[in-house]
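Notes to accompany the following structure.
The first chain written gets the first letter, and so on, giving A, B, C and D; residue counts start at 1 in each chain.
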Amino acid sequence: MAKKFEEIKIIYLEKPQLKDPILIEGLPGIGNVGKLAVEHLIEEMKAKKFAELYSTDFPPQVIIGSNGVVRMVKNEFFYYKGEKDLILLTGDYQALSPHGQYLLAEKILDIAENFGVKMIFTLGGYGLGVEVEHPRVTGAATDIEIVEELKKHGIVFKEDEGGGIVGASGLLLGLGKMRGMRGACLMGETSGYIVDPNSAREVASVLSKILGLKISLSSLDKKAEELRRITEKIKSIERSMIEKEKSEREDLRYIG
Amino acid sequence: MAKKFEEIKIIYLEKPQLKDPILIEGLPGIGNVGKLAVEHLIEEMKAKKFAELYSTDFPPQVIIGSNGVVRMVKNEFFYYKGEKDLILLTGDYQALSPHGQYLLAEKILDIAENFGVKMIFTLGGYGLGVEVEHPRVTGAATDIEIVEELKKHGIVFKEDEGGGIVGASGLLLGLGKMRGMRGACLMGETSGYIVDPNSAREVASVLSKILGLKISLSSLDKKAEELRRITEKIKSIERSMIEKEKSEREDLRYIG
Amino acid sequence: MAKKFEEIKIIYLEKPQLKDPILIEGLPGIGNVGKLAVEHLIEEMKAKKFAELYSTDFPPQVIIGSNGVVRMVKNEFFYYKGEKDLILLTGDYQALSPHGQYLLAEKILDIAENFGVKMIFTLGGYGLGVEVEHPRVTGAATDIEIVEELKKHGIVFKEDEGGGIVGASGLLLGLGKMRGMRGACLMGETSGYIVDPNSAREVASVLSKILGLKISLSSLDKKAEELRRITEKIKSIERSMIEKEKSEREDLRYIG
Amino acid sequence: MAKKFEEIKIIYLEKPQLKDPILIEGLPGIGNVGKLAVEHLIEEMKAKKFAELYSTDFPPQVIIGSNGVVRMVKNEFFYYKGEKDLILLTGDYQALSPHGQYLLAEKILDIAENFGVKMIFTLGGYGLGVEVEHPRVTGAATDIEIVEELKKHGIVFKEDEGGGIVGASGLLLGLGKMRGMRGACLMGETSGYIVDPNSAREVASVLSKILGLKISLSSLDKKAEELRRITEKIKSIERSMIEKEKSEREDLRYIG
């Protein structure tokens, strides 16, 4: 018999018993900072996948794995049981439409509520439009007590700027707050032009300190180092091209 | 238990008893003239917030306050009890989609009807594309009697132009008229390029005269003065840059 | 009590008794040819309005009349009782979204069916991208018998081109055909850059011959004449500007 | 009585009895490779149309045939009964919106399931951005066994690239896999700039070998040959224009 595809479909692989778990979200966004940070946490803490989320508001496509096998685009939920239980959320895409963004955030909060989540951390990037060598982590939260708490961990609050947080990282906090959940968004400064493991490293580092998680950051360090090498190479090529062009232009002057 | 987020959600803080209240709308739009004017009225008349409106057709984001605390984007209803009772509507955004614009306007009219609203003023800007030193207030209304009445207050009706009013300021009148409500749109002339407190001042001024409200306009005057200073400074910088460039170009001629 | 605004709302002013009426559609489109032609027929035949159609997929705005009074954007149905009964459809806009286009066409066909419509003429423009002095009327139809019939009236069928008819003029025929209705689309050749009463004149002329309607075309002739005068003036200004520029460039050569 | 137009409407001309039919999809896409390949199979195998699919998420238009007769845009299902039964799917358009893409793919899978489909081939183009003289056929599949099987037929799997398959060719595999169906996508390399019968030839050729179908490829060969002639002519014109321009520029140097 034919099965209908709902707007949003959840497939549970397991229904873990968790104690007041903290939800940590890192979906694709500015510099992919949030996604990189959560993926790092999942890997380091050997978190276990327990649910997949599919939506008709994701891009209508499959992704081809390196082995040639296709899979639908999706979001994934992982859990970790420890001193503090965690639910970690990452995925291929965010919803495409504004309406879909709201629907998806509410669905994620439904799931979180069912597992007893009362606290949410959403992770993302904070685009500066210029290269950032030493990215700081900026923040926003659902209440002033959390703001004060995070300041103690060195999180920067840009008090005179205001501004907004677009997408899941914003809506999970805003809609969660309307359900009585608390939470904060941690945003690593980044240029906004490239995927930024260096910024993700800072976000993962400060979050692990806040939560008392003992994780190594060496794999993000390695990715950041690799990125630095590539960037340096590109810059050096650019410099030599500019030099060459400049000298050619000077040559041309003699012709004129 | 999980709570679903409807397309539009109203949260009442209070259900005031109002006598034939007049609805005054000023949502973001051209030059933010309407929003500035209504915010000024709310402040001057110490109107009290009684309801918040959330919609999945608003941009999917939160706004970060200067204290680092986030909140969902929303529209807000205020009331004022006096010789004439008022409901004042302002907010962060209008609906993003055409369909959402219609839905939202109908929902606002539902609320207005429930409180006994029979008369609506919608406030906005009228973009001229050029700087306006002495903005006039132009109008449109649901019937010819109101047009004639407003002319007596100096409102300009551009009879030979026709044209339209896009968004909430238009739909509240048009859809309200279909429910038997009466109303008018007051539009302050503005360049359309900047937020314009000077134009908002004129709109607030004429509306307060029409409604017999005694309000000070000094805070809008101050904002307008500040804007004038900034604009003058920018122009002076532009002038000196043009002068400099011109003299440099003249210098270059001697080289050739 | 609050009244909800449906996606599409029909307000009947009258329910006329019509005998096998022919539906003639002319909504805004290329060169506004269809709209101009139907408006002309309505005026010349003194057709009477009997219904208004409102949709949340029209642009979210009101239109300001020359007297300063606003009205919702809408489509309008007129009828004419004569040797052949007619239903004439025109309006301010077509639906904005593809889905809305389908919904609206089906709703219009529902109404047409209720009045016993079995034959439909949809009117529009055929954009050529270049100025057309003597526009021909091109056609398309629901069946080959109508094609042959229309050829006798001088309608051109561009047999080697194929192509499509986008919007209401296309969907009313295509979806009508699926309900067993017959019909044709008459498209006046036009540049596609301007509102074109000259092309509308040809469409109205040939349709009135097909239907045996006796109407004067003088008001469209007058509009077309006016347009020709304006176009000629613009061209003459352009020519003198080009001349001036050319002579200035020639002057400059002597300087070099 | 008025009939409503559903979001998706299927009209069956016939309900054939098929034994474990294989679904082969070729809708418009990159280089129209998939559509050309399936149309070729339909023609060569004299497959019979048994169903038409209409959707309000297709472009809102009709298509005018060369005889002047209009028809709605649609997708079409054909069947072939032989050693292996086939269902072949092609059409004018894919759905316009992401949501519509999901709905349509699910509807197609519903139909396929009802006829007992367990295996799907989706055909498409693989855009390289440069001209391809000898296009290879690249692949992706729902499981590793099919990948290995297809490699034996010379299908290329770009293991280090990953990437995605957008639209029906991707979703039918991805959503089909979630229903327990198996399948593969065969993509002919193509520039992506033109309709490419040469690439479609390679896809049709390899698929017919996989399925053991005996078909002639001569009509696609002829179309490809024609395309080559046209392309060669365009290039030769371009070359002579470049030559002419170059020589004119050289002439100008003598003037200076």
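The rule we apply is simple: contacts are C-beta pairs under 8 Å (C-beta built on N, C-alpha and C of every residue); 3 or more make two chains touch, one makes a residue touch a chain.
Everything numeric here is computed off the predicted structure, so don't read it as measured data.
Novice: If you apply the touch rule, which chains end up adjacent to both chain A and chain B?
Specialist: Joint contacts: the list comes back empty.
Novice: Upon optimal superposition of chain C on chain D over Cα atoms, what rotation angle is obtained, reported to the nearest 5 degrees?
Specialist: 90
Novice: What chain lies farthest away from chain A once each centre is taken as the mean of the Cα atoms?
Specialist: Centroid comparison gives C as the farthest chain from chain A.
Novice: Which is it for copies chain A and chain D: same residues on both faces, with over half shared, or different residues?
Specialist: Under half shared, hence different.
Novice: What whole-Å value do you get for the distance between chain B and chain C if each is reduced to the mean of its CA atoms?
Specialist: Using C-alpha averages as centres, the distance is 36 Å.
Novice: Between chain B and chain D, what's the gap in Å when you average each chain's C-alpha atoms?
Specialist: Centre separation, chain B to chain D: 51 Å.
Novice: Taking each residue of chain A in turn, which ones touch at least two of the other chains?
Specialist: Within chain A, no residue contacts more than one other chain.
Novice: In the complex formed with chain C, which residues of chain B make contact?
Specialist: It is residues 98-99, 101-103, 105-106, 109-110, 113-114, 139-144, 147, 157, 159-167, 170-171, 173-175, 177-179, 185 of chain B that touch chain C.
Novice: Give every residue of chain D touching chain C within the complex, in rising order.
Specialist: Of all residues in chain D, those touching chain C are 1-5, 7, 54, 56-73, 96-97.
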